[in-house]
Amino acid sequence: MSVVADLESLAAQVPDGAMVAFPRDPCGAPMAFAKALVRRGARKLHYVGVPSFGMAGDMLIGAGCVATIEAAGGTLGEYGTAPRFAAALRAGTIALKDATCPAIHAALQAGQKGIPFIPLRGLIGSDLVKHRPDWKTIDNPFAAGKDPIVLLPALRPDVAVIHVALADRHGNAWIGRERELLTMAHAARRTLVTAEEIVDRDLLADETMAAGTLPALYVAGVARAERGAAPLGFLDRYAEDGAALADYARRARTADGFAAWLDENVLARRAAA
Amino acid sequence: MSVVADLESLAAQVPDGAMVAFPRDPCGAPMAFAKALVRRGARKLHYVGVPSFGMAGDMLIGAGCVATIEAAGGTLGEYGTAPRFAAALRAGTIALKDATCPAIHAALQAGQKGIPFIPLRGLIGSDLVKHRPDWKTIDNPFAAGKDPIVLLPALRPDVAVIHVALADRHGNAWIGRERELLTMAHAARRTLVTAEEIVDRDLLADETMAAGTLPALYVAGVARAERGAAPLGFLDRYAEDGAALADYARRARTADGFAAWLDENVLARRAAA
Amino acid sequence: MTETAIEELLIVTLARLIGRVRHVATGASSPIPGAAALLARHRAGPGMTVSVLGSRRHTFFTNGGVELFDCAGQGRLDVFFLGGGQIDGQGNVNLNATGGYPASEVRFPGAFGSAYLYFVVPRVFLFREEHSRRVFVPRVEFVSTPGVSPPEVERRGGPAALITGKCLFLFDRERRRFRLESLHPGVTLEEVRDLTGFDFDCPERVATTPAPDAETLTLLRGAVGRDIAEVYPRFAERVWRISPPKAA
Amino acid sequence: MTETAIEELLIVTLARLIGRVRHVATGASSPIPGAAALLARHRAGPGMTVSVLGSRRHTFFTNGGVELFDCAGQGRLDVFFLGGGQIDGQGNVNLNATGGYPASEVRFPGAFGSAYLYFVVPRVFLFREEHSRRVFVPRVEFVSTPGVSPPEVERRGGPAALITGKCLFLFDRERRRFRLESLHPGVTLEEVRDLTGFDFDCPERVATTPAPDAETLTLLRGAVGRDIAEVYPRFAERVWRISPPKAA
């Protein structure tokens, strides 16, 4: 029983309505996977950006795959705001769970530990708290006087999706120092991995590689996706494709422009297949 | 300004009365460092075993360095109980903060995050809780009905001491997959490192090594200690010295036997120096 | 060595109880459970994960010592084992001390992960070779971790069985009591009653714990023995005369 | 290119404010703070750590994205920077939206780490090149993170200064207000009053923000520019015509 699959069947493992955690862009956006999700016509996803989102999230929102977005922010970086996200907010077609980066990280760490909640400093007086009825402010039970502190409920995504440089045939995935990928995978019920390369050796057999490896126990499926983060850059492997990102940022400003972009860059691949 | 120092001056950086965190034996006991602490005559330490202790902790207790011991357990493994620990308990000469492994880990993670406390499941009904007035049981604020849960205050040791295979001259230390060493170092105010080898290259310069490296920002001092975990074994580098461990276990059963062992194995080195 | 050693009977019985699951882990000072888990995996084949604490070969953990507990908290650990300085009829376990606390006449190693894992791992097997009234008491002096909890306490795990040098008990969570399942070859019910300080349920006819077959013994004395010797060299040497691994 | 660009003036001024500290970090979309931190380190020499979010060369983090926040929580981060879609006279920052919430006319990128770091990092520098009544408002529409907190709220950090395309304000934590520190060359007090939607304190004589010397400009346009181009290629190209790095 191998965990290695092709990209489209990996995307088929994400049910409609699932809570799906994606890493922020510089950690390796699973862009190829996100496109496969669009092709499979995923619906009503609860997208968790760890801790934020970029082009992958914006595209999934534009393609109608997302019911709820939970993140500390969304941006195309130097290419401007996330246009389909902004449009969906204006239109009121998605639910918004705005957060702050350390809250997303801490809530996932709580999920990883199987604890029901975790406290976080800061936050008090921020309007974020007003709009997050799932966060609770209590008085720190260890303080002598009044000491309000926010408690965050644990996040346990149904699926975590990550893109890595290397995976092996057992399902071990080398994440290097992008440790939030490990936290996501521990916190999630199942993890789907796309990899630039799938190698024959066992990544856990070598102590140096093992130090940066997510073990197969957490991994439900692995698919090869060469240049799987493009047009974003990926580690030292490839730089971002600035022209492609600018093209997306420009065309996604309108619904029609986005639809045409999607046809050309995502759906065409299904037609060709 | 180099962080590289010799072992005795590293041990001099631990003030009397400090809370000092040591890893459990199989993670690389900083045994050479513990012996240097005995030689420097450290007193009133609050020893935190992460999450337990073995020969190093037992020896420090026997040598009169420890006022409080906080750990999930103490044992010489196959060589029996920790004899000086048991004797000190009988004599009432040390304070005891008995814990359970995940409580030590979680409290250090809270220290690492700078949060004042962290919840943990289990524990309720254990007599451990009765003897830990610093732990507080509350009702989970996220539960509809009654749902008691224990909150642990964060642990922020004054000093963490770790032993690693490799460190570099900047103070970066390769911890491999022994991630609790990283958590200890993040949670502690300062970290002292002993290393089997000190290398000239920068451990953070290579992404593969960086994945398993504690950055120098957390490290106050590094000393070379070849066979620094002996007579315990260390990773794949050397096996335990069973005869030496059995000798300790046998002689440490009595105060006199221990004193003679200490003279021969620890203090003699100072006299010779 | 053709006779079955008591350690072997315990290992084989525990392996049978484990059956085929996703993930079994063992804690500190647990050579018999460790060998049982490795034997169970030998039989189950791929897809079953065994994590032996202290082993570098039999562990997939890459997040340090906390990962075992996190795994359990996530619901990714199916079976764990606990020994005990004292164990009582409600499944309470004392791993800390007897004769006063904290100034104790006898100090045991400590609670280690028990006060957490006993609550969250679905099936926990208790093991203790010494079967005596010193160990199996009416009520433990110190509850390192309780066998049962009131309904308001979140608990998805607890004792499943207790194996000793004399017999096997299963734990009945409804009745909050042990029930004798089988006596080891040559042991009588009367002997067990004499040596047990707590009350337990007993069927009319008590079975005998099955002895291992020759094939299993060969496996145990070969591959499994060599595997467990990595972490427990003295145990492997004592039971199977397997030499400790050489220093690198 | 011999004239000082406004971006250069901002970078140099921020670098001066940073001074020599143990550890400065920058967040998302922060090319000017990133360049300022790198410039400050060039001057401070070894012993000063700079973490530029998104950089693989200028980061020592090995525990993922959470390490920046953990570091701040431990007290190991001395200086951070925040921009803002709106900023008011109490140092409140809006990074989320204007014109309604959650259905907003204008959506900004989001709070990112602000709602935490503003509380725990001792000195936070606010920066926004656009100096207008659209940005500097009497009261932000959405408080992503507040400038000041009531005494019962644990807070060891907050706003230290605000730098804009026109001037530099310092924040007075006692008075909970900004105080004009210096006007950039060629800018008048009247102009700043006209363009600022909030009240601020003003000394009798306002200094002029010092322009960078030639040596600093050379450093900025050379080593610092090339360094920041790793993360902000378009910024470096626009300001200094530094070509983006080649794909591997």
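First chain written, first letter: the chains are A, B, C and D, and each begins at residue 1.
As a working rule, contacts are C-beta pairs under 8 Å (C-beta built on N, C-alpha and C of every residue); 3 or more make two chains touch, one makes a residue touch a chain.
Small disclaimer: the values here were computed from a predicted structure and weren't measured.
**Student:** Measuring between mean CA coordinates, which chain is farthest from chain D?
**Tutor:** Here the answer is chain C, farthest from chain D.
**Student:** Counting C-beta pairs in contact, does B-C beat B-D or the other way around?
**Tutor:** If we tally the C-beta pairs in contact for B-C and B-D, the bigger total goes to B-C.
**Student:** So the centre of each chain is just the mean of its C-alpha atoms; given that, what is the distance between chain A and chain B in Å?
**Tutor:** 37
**Student:** Based only on mean CA positions, could you tell me how far chain B sits from chain C in angstrom?
**Tutor:** Their C-alpha centroids are separated by 28 Å.
**Student:** Centroid from C-alpha atoms only, then distance chain C to chain D, rounded to Å. What do you get?
**Tutor:** Computed from C-alpha means, the inter-chain centre distance equals 58 Å.
**Student:** From the mean C-alpha coordinate of chain B to that of chain D, what's the distance rounded to whole Å?
**Tutor:** Going by mean C-alpha positions, chain B sits 41 Å from chain D.
**Student:** Which residues belonging to chain C are in contact with no fewer than two other chains?
**Tutor:** As it turns out, chain C has residues touching two or more other chains at 61-63, 67, 69, 73, 120.
**Student:** Spell out, as numbers or ranges, the residues of chain A touching 2 or more other chains.
**Tutor:** Each of 106, 109, 113-115, 120-121, 149, 177, 182, 210-212, 235-236 in chain A touches at least two other chains.
**Student:** Can you tell me, using the touch rule above, whether these chains form a line, ring, star, complete graph or other shape?
**Tutor:** Graph shape here is other: it fits none of the named patterns.
**Student:** Between which chains does touch occur?
**Tutor:** A-B, A-C, A-D, B-C, B-D
**Student:** Going by the contact rule set out above, which residues of chain A touch chain D in the complex?
**Tutor:** That would be residues 24, 26-27, 50-52, 71-75, 77-78, 81-82, 85-86, 89-92, 95-96, 98-103, 105-106, 109, 120-128, 131, 145-149, 177-183, 233, 235-239, 242 of chain A.
**Student:** Which residues of chain C touch chain A in their complex?
**Tutor:** For this pair, the touching residues of chain C are 23, 46-47, 49, 60-63, 67, 69-76, 120.
**Student:** Report the residues of chain D in contact with chain A in the complex, numbered from low to high.
**Tutor:** Residues 28-29, 54, 56, 61-67, 69, 73, 95-97, 101-120, 142-146, 149-150, 152-154, 232-235, 244-248.
**Student:** Which positions of chain A touch chain C when the two form their complex?
**Tutor:** So the residues of chain A in touch with chain C come to 1, 111-115, 182, 186-187, 204, 210-218.
**Student:** Within their complex, state which residues of chain B touch chain A.
**Tutor:** Residue positions touching the partner: 106, 109, 113-121, 136, 138, 140-143, 149, 151, 153, 175-177, 207-212, 235-236.
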